[in-house]
């Protein structure tokens, strides 16, 4: 299964920044394109006080800092240039992480969606929306939030698709800042199916594609979970994508590029399950030949060799 | 605000060593100079049993190891060559970290100061002293220690300046080996002012400049804390420098180069507060084009572009 | 003391993978050879479900994944080409780490040893066996396991030597995924001698060489522990090697290349104790000029300069 999309990790939560300028981004879009990527998804347009674009609203309302570069504009220009679709990731105020309450995300993004479409909607490469709340089964109010935000995104943009990328509450679902690598109380396939069926039912029509993160379960659980995900997606009319994480969750150093063999196992499981598309989190740190992590360039080479076997 | 000084992290506490030889150091001094750095501050001359120079006293008294290279001599020669001032950082026996008691630091450094001035005082670039105890508000006996050591440094060297670089006990003041990134019981601006006014009063005359580490508070607290720091420094006749940390305290990987935007926010806050000088911890790992962390080279480029906007 | 052997960290437990292909491995064997390495030791042939070679037995019995490349064959071909001896590391099922019980390791490896010797025993460079259980003093059943596995390895291969590399239960013996760097209840030299004398007595004849990992004790304890290790090895007819770890256990980032001075201290302590051979864990991440950790290339240069002083 070929990776045809990647997140762009701006603003980053937990992966150190590479400090790239426009030249490095231009080169990276070219490297993505060369390996078959047709979609980039900006993971979020802002996180707490840091922004990717100079939002008048967010600077005023949340005291956000004016960014040194308008990354949304840069990414859209590069997407236009390289013939890649760009998905815009909504704003993450951080209040949900602190309080478990999504109301700030809803309030803020109601304005952000309008502001962004007005500012950037004319770019040919503006291809969709990413609802950036990373939720799992227990996120209170997530269904409602996804439905409201997805609907608004689609309505304002003439129906451009909306994507979510939740995580499975599996054994590797631990906080990035935790020293642990696994936890005991992982979800079963049955619970996963029951809870996500309810969520999928609630969001159908407002969300077009779901790309579960594939790194929180063990490799021998991939087939079971993927089969259920595909079944649910079909039932509720969603596209079923995989978010093939290209970093390694099994190592004490958080986070470095994944061993190619592990990425391959995950991609092949997605193929077996009949998934519609594979995207990755993310190319520029973990698969790019110009990444600061030199293992990433070798992963790029191994992945290219793999493509030749198709 | 321009960075005109940098620490050199020898002997390192918590940042892995780059294993550079004289050639790499020579090149790095050149790269520093090219970007406007006129001062290097060796963070400490020794840490526990590891030394930067073959101190007869410390080998005998503390069982320290004879170092493979005399780094103090090397740095002074390179400082002479590149026209940079060198500050010598005192010895850290580690006993303070284990016991909370500074008496070993006082005893050891009384000898170290004399030994070092005798051995290296003739270098033209020997420009000052760094009192290497990294203290915060609750460090018992710190005022007394700073006064005694600073006075001796200045007296033996004909009045060369003495520098300290304490940390603010803010929300990010957690141990490097801790998985946590923040803590709950951060200090308020008022407490900070009260406690540091007492310390500044006690050290005036013996210490010439104070460079608070800027990484332990949040970005929206910079203005408040910086204003107080400058006010206190002025009141007690100290120069007010900022120690602009060029590594990122917000990431689970400890520690990688900072996102340029964050560094810029901190430098601009120092400018607004009327600070006298900006130094960084530290150039060679986090801002150098030859750093093992390739993000550092990109930070160097972004910083150079920033300098052109002045 | 010269390093003449290195582990190859396939399958890795805790060091992120470099994603090298045959070209990078070929170059690395050349770089090893150039610096005096005559022995490579593959740390384990498999770990849980991941394998270095397509073992029919392990795929069937443990549900292991078929690896994308046969690394055992690749390493043996490169060892033949470069004139290096290859030690084969046994399979680690992971059950011991989960349960404290070595029975799975014994059951699995009884088959693995036969399978491997049949498949790869004809390679000229197949030079020995590595009993990959990393044990310390409290490992129940370790003596028995080492004796049985070592005997079978030697018997099937016409007496090729068997190596173990246990750890000293010293102050730095903490789990890789733990944020701590040291612990309180470290073993004393006397306890170490008492307990390991019993183990050595139990394995004599079945194991030929023991290479204690040198990174779990402090630098000023090296001489005491090394003297006892050599004495015990002599007493029970084992060769005494040192496993000179080339990564740094003293840093919060786990794990990056060691400072050269520390490696030198450990090698010189092994020389003083009259050790027979020095190997390292491991060259390709921590000492190789093509490592993703650029500090490793500088360590390679420092180590080469050191060799010239002999």
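Every chain is named by a letter (A, B and C) in the order it is written, and numbering of its residues begins at 1.
FYI, a contact is a pair of C-beta atoms (placed from the backbone, for glycine too) under 8 Å apart; a residue touches a chain by one contact, two chains touch by 3 or more.
Note that the structure is a prediction, hence the values are computed from the model and not measured.
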Task: Chain-level touch network, classified as line, ring, star, complete or other - done: complete
- [ ] Give a one-word verdict, same or different, on whether subunit A and subunit C use largely identical residue numbers at their interface, taking over half shared as same.
- [x] different
TODO: Return the distance between the CA-based centres of subunit A and subunit C, expressed in whole Å.
DONE: 39
TODO: Please set out, as single numbers or ranges, the residues of subunit B touching at least two other chains.
DONE: 179, 253, 294
Task: Touching residues on subunit B, where the partner in the complex is subunit C - done: 12, 14-21, 24, 49-50, 63, 65, 67-68, 176-179, 253-255, 291-292, 294
Open item on the list: List the residues on subunit B that touch subunit A in their complex, please.
Closed with: 179-181, 219-220, 248, 251-253, 256-261, 264-265, 293-295, 298-299, 301-302, 305
